[in-house]
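Just passing along the structure, written as C-alpha cells.
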C-alpha cells in the first residue's frame, strides 16, 4: 500500500498516522519527492480500511499495490478452480448449463421441467424455494416444501440441485442441496457468508446489483477465508440508468474476473435482461467471452403458460439455446494465461 | 392497475392472462381503444408481480394506479408518525440529532463521546458494535461486548441508544437497545425485516445503495405489515458514477418520501459523503428541506486522533453543526400538506 | 399514446389538457374505468413531449403505444439496412472490422497502421484527426492536417476512412472522408445532427455515455428525418458506478437495438473497456450476439510503443482478434426475425 | 503526478515510458520502495493523458498530485469570483435568483412572466429560444425570434437575460444577451467552449448528466483558458438509477465545488427534479448549503395553464419560494475558508 500525502502535512496528524500504522505491525518506507511525500507500507495490509486513510486530512490519496483479496486471487493460485458438484465439474474448461424454473410451484411442474432441461442438455437444475420478494404481499416461495420437491426432481432427473438460501436459520433444510445460491441482495450479508464459509458444499455467489468487482471478490474471500474453496461466481447484471433491460449485463466482467481470480464465473442472462428474446444472444456472448457456464430460466408448458414471453424460456426454446451455445464453445475465448 | 396490451395480442396468451388474473380474485375491466386494448384491474393488486406481467409478450406496459405499499402510505395515514424512543420523540415536527462514533472501540471512548454529544445537543446516541465490513480481515466490531459498552454509556449520558443488527440470531443481545438499525446492505434482507416486524421496538431503516424510493418503502412495508409501526427511514446516499463523494446524497428524496409516507425521514451526511467538511453543509441542507433528523459521526479527541479529517467530526465541530442546524430549523420546509 | 389520469382530476386542468391536445390535431378517446380515467390519443404523437404531460398534476402516468421514432423503426422498415461505404457493405449480414489508431500522429504512423490492419483483415480504417479532450491543455489532434494524412493512407491501403467531426464548421474538410463519426459527447448535439442529416454520406453515431437506447435511436432519427439513410450505430459503453473498466459495455443493447431498428449496430470494445486484454473477448462476444461489426484501436510498432498495454493492440494482436472473430461469425446470433 | 509501477516492470516498456515523459519536458524522480517503484513527475503535467498512462501494462496506477485545472482552481485564486451581469452581481456572497419560462412562446407570455418574476424578487430572467429536444419532431424553440422577444422583455422588466446557445453559428444572435447558457448536453462540446472562451460575456455552464465534478471543472477551464473569467457553474442533477425524480440533484457538489474552485455555483431545482412541489424544498436546501443562486422555471397564468403541476411554478408559488429562500439565506453555510 502506498499513501501519498498532501504538501506540507500537519506534523501532529502525520505522527498520529505513523504511530497507528506501526501499531498494525506494518513496515514503513518514507520517500520524499520533489513536491510530495510517499509512505510505502510493507506487510499484511489486508486489514487496513483504505477508505479511512483516504479520508484523512493530510492524505492526498492511497493506493493498494496488492489486492485486498488473497484466497481468491489468481496471482497466488494460478490454476483455475474446478468445482465438483456431485460429479458434475464446473470451471477450468468445464462449461455447465444450469436451468430450471424461477420458483418451485408444484411437484408436477418441478419434475416436468427437470426432465425437460436434462434432455435438452442442462447439467444442473435450479429452482427457487425461498424467494426474496420486494413486496411482503407477494408469494414468498414454497420454502421447506419447495426444497423437498427439488430433491424429488433430482431423483427423477439425476441432475444436482441449485437453490437459494435467504437466512442462516434455514441452512439445516439445505443439507441435501448440491449447490447453495447466495442471491444478489445477500452478497454482502456477511454473517451468512461467514456461516457458508464453514461448509464444504459448493456456493453459487451472485454479484450484487451495485457491487464493484472488487467488492464481489471480497465477498467470495469471506467464503474462502472460512475454508470453503467451492465457490462459483455469477454475473447477473448491475443497476444502471438504462431501463430498456431490467439490469445491465456486464460481460466485460467475465474475462476481467477470470484474470483476477481462479474461481469459475458464470452468467445469468435471464435475470440480467428480464427479456426472453435476449437470453439466447446473451448466453452465446457469455460463452464466446469465456464464461464457465450460464444459468437460464425455463418454465414448463401449459397450463402454466402465463410466463410465455417473460424472461423464462419454454423447453423447446431452451434446447435451441443449448445448441447455439454448443456451436460457440469450441471457438470461445480461452484466456491469455 | 392498468395493463396496456400490444396490438392484436395472441388470443391464447390473452386468455391465459385473463384466467390467471381471475384466479387472483381481481375484477377485470376491459376497454377497447382505437388502436389499443386496456385491462383495468379492480381489487387488491399488492400481491401482483408487476415485472412478470410487464414481461409478457402480449403486454405493452403495465402501470400501478395504486402504490404497492399500504401501511406506510401517507394517503391512508395522513398524519405524520411520531416515533417515541424512551421518551425522545422523532418525527411530526420533532427534529432529532443522532450522534456518536462509527465503531465502539473501548469503554472510555464510548462514554466520553456520549457525554460530549449530549452536551453539544444530541438527542440520541449511536455507535457500531456489529460492523459490516467489505473485507473478512477487517475489524468486525466488538459485537456483544460493544453493546454492553453502549448500554453503560446510556446510563452515564442518559441518551437512548441506536445500534445496527446484522443477523436475526444476534437479536437477543438487542433487548435493551432503544433503536435497532438496519444497514444499507441489509435493506432487502427480507427474513430479518420479517423478524423485526414482530417487535415493537423502533427500527431505523437505511436506504440501500442502489434502492429506488419505492423499494425503500416496500422494505419499510415489511416492518409495518408485521405490526411494527415504529419505523424511521434514513437517506444515506446512493451509488452513482460520481466518485468525488463516497455516495451521492439524494436530498430530493426527503420531501418526496415525506409526501409518499407518514414515516419520519432522517439523513446521514457522514456516510453519504465520507468527507468531514461536507457534513455541516449537508446537515444544514437536510434540515432546510424538511428532514426529521440527522445522524452524524463524532469521534473523541486524542489519543484516537487518527480519524481527524475523515468523515467523523470532533465534539467541537459537532457542536458547531448543531448550532447551524438550529439556526436553520425555524425556517425549514414544512411540507405543503 | 395513453394518458392515465389520477382519481378525481381537477376539471379545469383536465379541460386545459383536452383543449391543448385537440389543438395538436389529435383524436381523443376517453375511457372511464372503475377507479381511473384513460385518454387514448389517435394520430401523430411524435411531437408530444411525454415528460411535460407526465408532470401534470392530474396525470398519473402516460405511455406511448407507438415508439417516438419512425424512420429508424424496424416495424416500418423490416429489412435490415445495408450501408455501402465506397463499395464496402456493412449491415444486413455484412460484418465489418474497422481498425486504426486512436489519434493521427504522423504520416508514417498512419500509413503503416493502415497497411497493417488491411493485411490483418480490416475492412475500414479509422483514425482521429479532431480529438475531443477533457483538458484544454491536452493534444487536440492534428485536425485538418490529420484528415489529409488519413486520405493519403486511404490511397496507400485502399481502405475507406472513418473519422470524427466535432463541429459543423469543420464539415468542408470532410468532403472526401467516407464515414463521418459523431462521438459519444456529441450524440445529442442536435444542430450537428440536423446538418449531417442533410448529407448522404454514411454517419457512424456513437451512443452517449448516459444515453438510453430510446435517446440513441432518437438521435439517429434526427439523421434519417433529414433524409440521410446511411447511419451506423455504435455501442461503446455506458457510464456506471463500476470503475474496473473505463465504461460498462452494454452488449444486451446489440440484439435489443437490432429488434428495434433496421440500422446496423457495431461495437467499440477498445473505448468501452479501456483495457487491451479485454478487446479480444469483447469483440468475440459482440460477434456472437449479432453485432454488424467492431471498431478496434490498433497502433503501430516502435518507436511509438508507448501504447503497449493500453487499449490499443499491436497489429499482431489485432490479427489474432480478427481470426477469433472469424471463427465465431458462422455460429453467431442471427436474430429471430 | 506519481506513477506507481507494477512489480518487475518490463524494462523495454519502462524505457519507452521514461523517454516519452522526458520528451514532454518533465522532470523525473524515481523512488524504489520495498516492493514497488514510483515515478514522480515534476513540471506541468496538465497536458498528460492520465488514462493513457494508467492503461499501460507496466503501470499499477497513476495519481495526480496537482489538479489538472489551473485557472478555475481555488488554490491559486483564493478569492471567490463575483460575476457582474449588467450590474447584477453573482457570487462571493451575492445570491441571485434566475427565473423565467422553459421556452419562449409569445411576446405576451415572455413579457408577463418577466414582470411577474421581477416583482417576486428575481434578479435575472431566463427563457429558452433555442431548445435542445430529444425528438426531431418536437418544437425546437422560436430561435432568433425568441431572442428578440427576450430582449424586449428585458426592456420592459429591466432584468438581464440568460438564454441557451446550441451552436457556434448562432452566436451572432447573442450579442445583446447578458448571460449565455451552455446546456448539460453541450458541457463537453469543446469547440463551442473554445469559442465562448474568446468572449468576455458571462457564461452559465451546466453540469453534464453524467459528468464528474472534475470533468465539469475541466470544461470551465476551457472557458478560462481562453480568457473568459466570467463563468457561473450550475448543478442540475445527474443521471442515476433512480427514476422517482427526473435526475438526482447532487447537492453535496455545491460545497465541494466551492472548495475546489473560486467560480460561483448555482442550482437548478426545476430541471433536476422535474417535479413542481420539489422546487421549493430543493431551492431552500441549495441556499442552506451555500449555493450562489438558483434557477427556477416560472410560467404565466392562463390561458397557457397547461404546465400547471409540471416542474414550472406559477408566479405566486415562485414568490413563496423567494420568501422561503430569503429566510434561509442569513443562516446559510458560508464555507470554512
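The first chain written gets the first letter, and so on, giving A, B, C and D; residue counts start at 1 in each chain.
Rule of thumb we're sticking to: a contact is a pair of C-beta atoms (placed from the backbone, for glycine too) under 8 Å apart; a residue touches a chain by one contact, two chains touch by 3 or more.
The chain list, named the UniProt way, goes like this: A, B, C, D = 3-deoxy-7-phosphoheptulonate synthase.
Bear in mind that the values here come from a model prediction, so they are computed numbers and not experimental data.
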>> Using only Cα atoms to place each chain's centre, name the chain farthest from subunit B.
In response: C
>> Per the definition at the top, count C-beta pairs in contact and tell me whether B-D or A-D has more.
In response: B-D
> Any idea how many Å lie between the Cα centroids of subunit A and subunit B?
Replying inline: 26
>> Nearest whole angstrom, what separates the Cα centre of subunit B from the Cα centre of subunit D?
In response: 31
> If you average the CA atoms of subunit A and of subunit D, how far apart do the two points sit, in angstrom?
Replying inline: 39
> So which stretches of subunit B touch two or more other chains?
Replying inline: 210, 239-241, 243, 275
>> Which stretch or stretches of subunit C touch subunit B in the complex?
In response: 2, 4, 7, 27, 29, 31, 33-36, 38, 40, 42, 60-61, 63, 65, 210, 239-241, 243
>> Applying the document's contact rule, which stretches of subunit B touch subunit A when the two form their complex?
In response: 12-13, 16-17, 20, 46-49, 51-52, 55-59, 68, 132-140, 166-170, 185-186, 188-194, 209-210, 215, 218, 221-222, 225-226, 239, 246, 274-276, 302, 305-311
> Hey, which residues of subunit D end up touching subunit B in the complex?
Replying inline: 210, 212-214, 238, 240-245, 248-256, 259, 272-273, 275, 277-278, 280-282, 284-290, 324, 327-328, 331-333, 336
